[in-house]
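I've put the structures underneath this note.
The following pair of complexes shares a single chain, chain A, combined with chain B in the former and chain C in the latter.
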Partner chain A sequence: MASFLQLLVSGLATGAIYALVAVGFSLLWQTSQTINFAQGEFVMVPAFFVLVAMHTLGLPFWLAAIVGIATAALVLGVLFKRIIVDQMLRHGVLPLVVSTIALSLFMREAVKDFYSAQAQPFPSLVADRDITLFGVVFSAQSLALLVVAVAIVAALHIFLQHTRFGRMMQATAQNPTVARILGIDVERMILTTFLVNAVLCAIASILISPIYLAKFTNGETLGLAAFVAAIIGGFNQARGAMAGGILLGVLDNLCAAYMSAQYRSAVPLILLVLFILFRPQGLMGRVEERTV
Partner chain B sequence: MVSLSQIAARRGVLGGIVLAGALAVSSLSARAADDTVFIPNVVELSGAGAVSGTNWRDGITLAVEEINAAGGILGKKLNVPHLDTQSDASIARAQVQKVMDDKPYVILGPVFSGSVLVTMALAQQNEIAEIVGGEAAAITQRGNAFVFRTSFGQQFSMPKIANYIRDGLKAKSVAVLWVNNDFGKGGRDNFTKEMQARDIKVVADISTESGQVDFAADVVKLKAANADAVFVYTNEEESARFLKEARKQSLKGALIGETTLLSQKVIELAGEAANGVRGHVGLSSDAPVPALATFAEKFKKRFNYANDHNGIKGYVAVYAIKHVTEKIGKFDSKAFAEALHGMTITPDKTPGILMEATWDKNGDIDRASFLGEVVAGKQKIVEVLPKLNK
Partner chain C sequence: MSLARILGLLAVLIAVGLLIAAPTMLRSYGVYLLALWSVTTIAALGLNLTLGYAGQISLAQGAFVGIGAYTVALATAAGIPYFVAFLGAGLITFAIGWCLGYPALRVQHHFLAFVTLAFSTLVFLVLRNEQWLTNGIYGINDIARPKVFGLSTNRNPDFYYFALGMLALFAGLQWWMLRSPWGRAFVAIRENPLRAASLGIDVRRYTLMAFAIGSAYGGFAGALYAPLVQFIEPNSFQLTYSLKLLLIVLVGGAGYFIGPFFGAMIEILLPEWLRFTQGYYLLIYATLVVILMAVCPKGLVGAVALIAERRRKPPGRAPGPGGTLDPGGATPGPTGAASASHSR
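And then the complex of A and B:
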């Protein structure tokens, strides 16, 4: 039982990170019909922004983390939208998909060349302490990761569902033309979505890098997991993406413990195939009708 | 008006100039080639083996710079390009195949055992010696007369660590965590064999994947096994991630490793989580050997980071080439391989060898080694183990 609880907490913590990234996938899709295949790299890169701020500018970790999040918002939010999405989307979704794949390769190689191919140590937000709950020893780090990630996802949910700005974003997502007629500044809403996505990715990066270590290849694992999480949860529903991320994190850990570590990487792909075959709209998504 | 014969004549002149130029360039490059000896380094500069490969490359670079500054070997400068295998055995093989066209004198690398196993046959076919960083036992058990190590093979290091677990820790049960590649599999097989020989029970046998990032489930399984000691045999980055997760979940029991778990890079990456780790270290800059400490200082000054054992391995490999070549007095790949078998190189003759080393008939190295422990973020050597055949 203790082992199961431990696995559950670890799975939830990992799943919460997947959820943060998956929500970004879902938001971008809803507001701008953008599938960002560089999403994994969007999580990998902010860790290096933070490291540069610490090692080159000599900032303390907390300040470097703020600089990292701000830089991510600018580069991965505003510049990504203006330079890539706005230019490519007018040619259709496919050129944009290809562009984001190219962008992911570029970011990976750029970080490798700029910072080295080796993994880098990354400071933790929380001190190394143990907490005993229900007879099971958990680390403060693990619990903090879970709490922070869940709090952010919950705050985002409240923001989207219960604030005027959030509802305007949702209206934009559901029908940009009608939203424009209703006087909503659609462009501003879309830009905000890109900023939110970049900030979510940066927070995920800061939370996960102390455990995964900062490395140029981290995006491969996270990007795939988050993409699958978004699909199995429901690509067009932020809360679906959250559920998908958490489900995937828990299943991944349980599978590695009770089945085999060798097959754990197959779990997301098996889930992906099953959902595409039997429930393409995902756990909480809605069926999208094709318009002609 | 220009006639056809004039055009032909002009073309002839032009062709002659081009040909003369080409000949001049080729004679220059031939002269340049005469002045250098080609020793390519095929190694893991990206992918899962980047930590090992980068250290290995930089150790080599340091030795090459020193040797070239001192006039080279037999009057020739060393030309050592570094080719990335991306930690992929098929790419390693392609890189070795590629360098064969330029007739290398010796090939350095790879470090990953899986890559060594697929490239060493190619080197053997071409009768070119290959000095590798791989530690899998199988490398030197295949009768290949052209492969040499600069680190212990698992068949030599595992008995040392097994003795320590029995005599030093007095452990009755042990759990094994190993990386599922040629290096990890070879280590796990040799380790479990040595445990059986000493009547120590292996209560958990857990394989992990190369490049794995999440070790939560593995640590849960190790906790459930409740062994006296946990033997961890993974590459550097995975070792660091495992140690962090082990610390996170408060894994009890002694954490024991063989070289990688106690390496400088793992200590740097894992931070406090590395404290308390113990094990056998084939090479260490923290060993009570002045030459190793001097090397570490030079390395740090040159590359601005602290080396691990792979840096020493790369450095020693180049000085072994220097020693053997000067001994045989010519650049003959086949003669090089023949001479290195059974040779002992001592630091008084070749200071760059750092510690007395002997290569046996299989290409395995024998030299002193160490037992170490990580204390307050530093590797502390607690015992020096003598050469096996001394």
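And then the complex of A and C:
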């Protein structure tokens, strides 16, 4: 039982990270039909922004973290939208898919060539020690990660559901044409979505890098997890992506412990196929209508 | 016969002549690269059928190549004749492709991308973890090269001619297929599934068919890949390889018959040309892909076709419908692409 609780907590912690990344992913899809194949790299790169700010500029960690998040917002939010997405969307979805694939390749290689191919230690938010709660030993890091990630997911949820701006964003996501008719500045909403996505990715990056170390290959699994979480949750609902991410993280950890560690990475994929077969609209999604 | 047609035919004849004469001009490594190009082109032709003609995104073509390669490697090691294994590789991948299409057909287009993405990772995991069958991460060594009409293909030039012959065979087959009612049905489905259905085309069956045939091309390519490189391991057939094949098709020009030939040529030769840049090859390649997609989303052949079309039209007019390949079906499909490929 104790080990089950432990697995559950670490699963929730991983799941909360997946949720952060998946929410950004599904927001991008909703507002601008961007399937971002570089989403995993979007989480990998900000850690290196922080490392550069710390080691090259000599800033303290908290300041470097802020610089990292700001840089991510600028580069992965604004520049990504202006330079890649706006150019490609005129041509359709496929060139955009290809460009984001190429972009992920670019980011991975750029980090490898210009920073390091070695895994880099990354300062952690809390000291790494164990905390005993109800007779179960938890690592302080994964607890802190869980708390921060859940707080951010909750804040985002409140922002999207209960603020005027958030509702305008949701409206844009669900139907840009109607949103425009209602007088919403759609272009600004879409840009905000890209900023939100970049910031979420940067936060996820700062949260996981102390555990997994900052390395150029970090994006591969995360990107896939974000896809899967977004699909199981329902592609067209931000809260679905949150639920999907958390569910995925928990199942992933439990399966690794109780079934087969070798096929651990197969769990999300099997889940994905089952969902596509039996509930393609996802946990909370609506059925999208076909257009002629 | 128009002048453009004669020139086109001439260009094809010169290209074929050069390909046949190549082994006399190149060293062994160059010939090996050309054989690799032939094999890669077959895989890309299959993906072009699925993606370019039937409009379905597949991210599993590399996995199908892997299944084909492992089938042949395991079968020939067990003493089964090469050509039986070769056909088996095609049949297996055809069947798997057919089954894989089902879940994806239940939903919308981009889901096929995710199903195939998942499939490609699953294949990698099975290849890596089922050691009793695939030898796991150690891969399979010393794959025998086949005897063709009693002639050994152990030397690179001999295997190259074999691969080139197979390329010609599969390219011819596709050429014929695209001109048959099947090919027209594929394009109709890509252009507009609902309209195609209203014309009496069984959309489900043809979509599955296009996907299965495309996958079988991948399987056949794998069946040639294994004896060519003589050593296979799970890593070669990861998602990266599928993405590479996708890039080949798109860089060449999806929906153009000769697109994959150019795409594969660039993918295989560019690393050799960019060798002077040392480690920065992938960086440069990625940048080039993004620029190409921004400037000409229809790929290299698309760019040439666009220029040709502009010349043909009187100045001052828009260069035809700039439709792009859009699996979501939100914009009109590449009618230009379809007609251009038919005129060659």
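Here is the rule we go by: the second predicted complex is superposed on the first by the 291 of 292 C-alpha atoms of A that agree within 3 Å, B and C clash if a C-alpha of one lies under 4 Å from a C-alpha of the other, contacts with A are read in each partner's own complex, and residues count from 1 in each chain.
The rule we apply is simple: a residue touches a chain if its C-beta (ideal position, glycine included) is under 8 Å from a C-beta of that chain, and two chains touch if they have at least 3 such contacts.
On a predicted model such as this, the values are computed, not experimentally measured, just so you know.
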Overlay on chain A: chain C relative to chain B, clash or fit: fit
Chain B versus chain C as contact partner of A:Ser265, first or second or both or neither: both
Which of chain B and chain C A:Tyr18 touches, first, second, both or neither: neither
Partner chain(s) touched by A:Phe42 [first = chain B, second = chain C, both, neither]: neither
Which superposed partner A:Phe80 touches (first chain B, second chain C, both, neither): neither
Contacts of A:Leu277 with chain B and chain C, given as first, second, both or neither: second
First (chain B), second (chain C), both or neither touched by A:Phe194: neither
First (chain B), second (chain C), both or neither touched by A:Val137: first
Partner chain(s) touched by A:Ser99 [first = chain B, second = chain C, both, neither]: second
Vertex chain A angle, Cα centres of chain C and chain B, expressed to the nearest 10 degrees: 70
Contacts of A:Leu213 with chain B and chain C, given as first, second, both or neither: first
Smallest separation of CA atoms, chain C relative to chain B, angstrom: 6
Overlap of the chain B and chain C footprints on chain A, listed as residue numbers: 262, 265
Chain C contact footprint on chain A (complex, rising order): 33, 35, 84, 87-88, 91-95, 97-99, 101-103, 105-106, 109-110, 113, 224, 227-228, 231, 262-263, 265-266, 268-270, 272-273, 276-277, 280, 288, 290-292
Touching residues on chain C, where the partner in the complex is chain A: 57, 103-104, 106-108, 110-111, 113-115, 117-119, 121-122, 125, 129, 192, 194-195, 243, 246-247, 250, 254, 279-280, 282-283, 285-287, 289-290, 293-294, 297, 324-331
Contact footprint of chain A on chain B as seen in their complex: 45-47, 50-51, 54, 180, 206-209, 211-214, 216-218, 220-221, 223-224, 237, 240-241, 244-245, 247-250, 265, 268-273
Chain A residues within the chain B interface of the complex: 3, 6-7, 10-11, 14, 112, 116-121, 128, 130, 137-139, 141-142, 210-213, 215, 217-218, 221, 252-254, 256-257, 261-262, 264-265
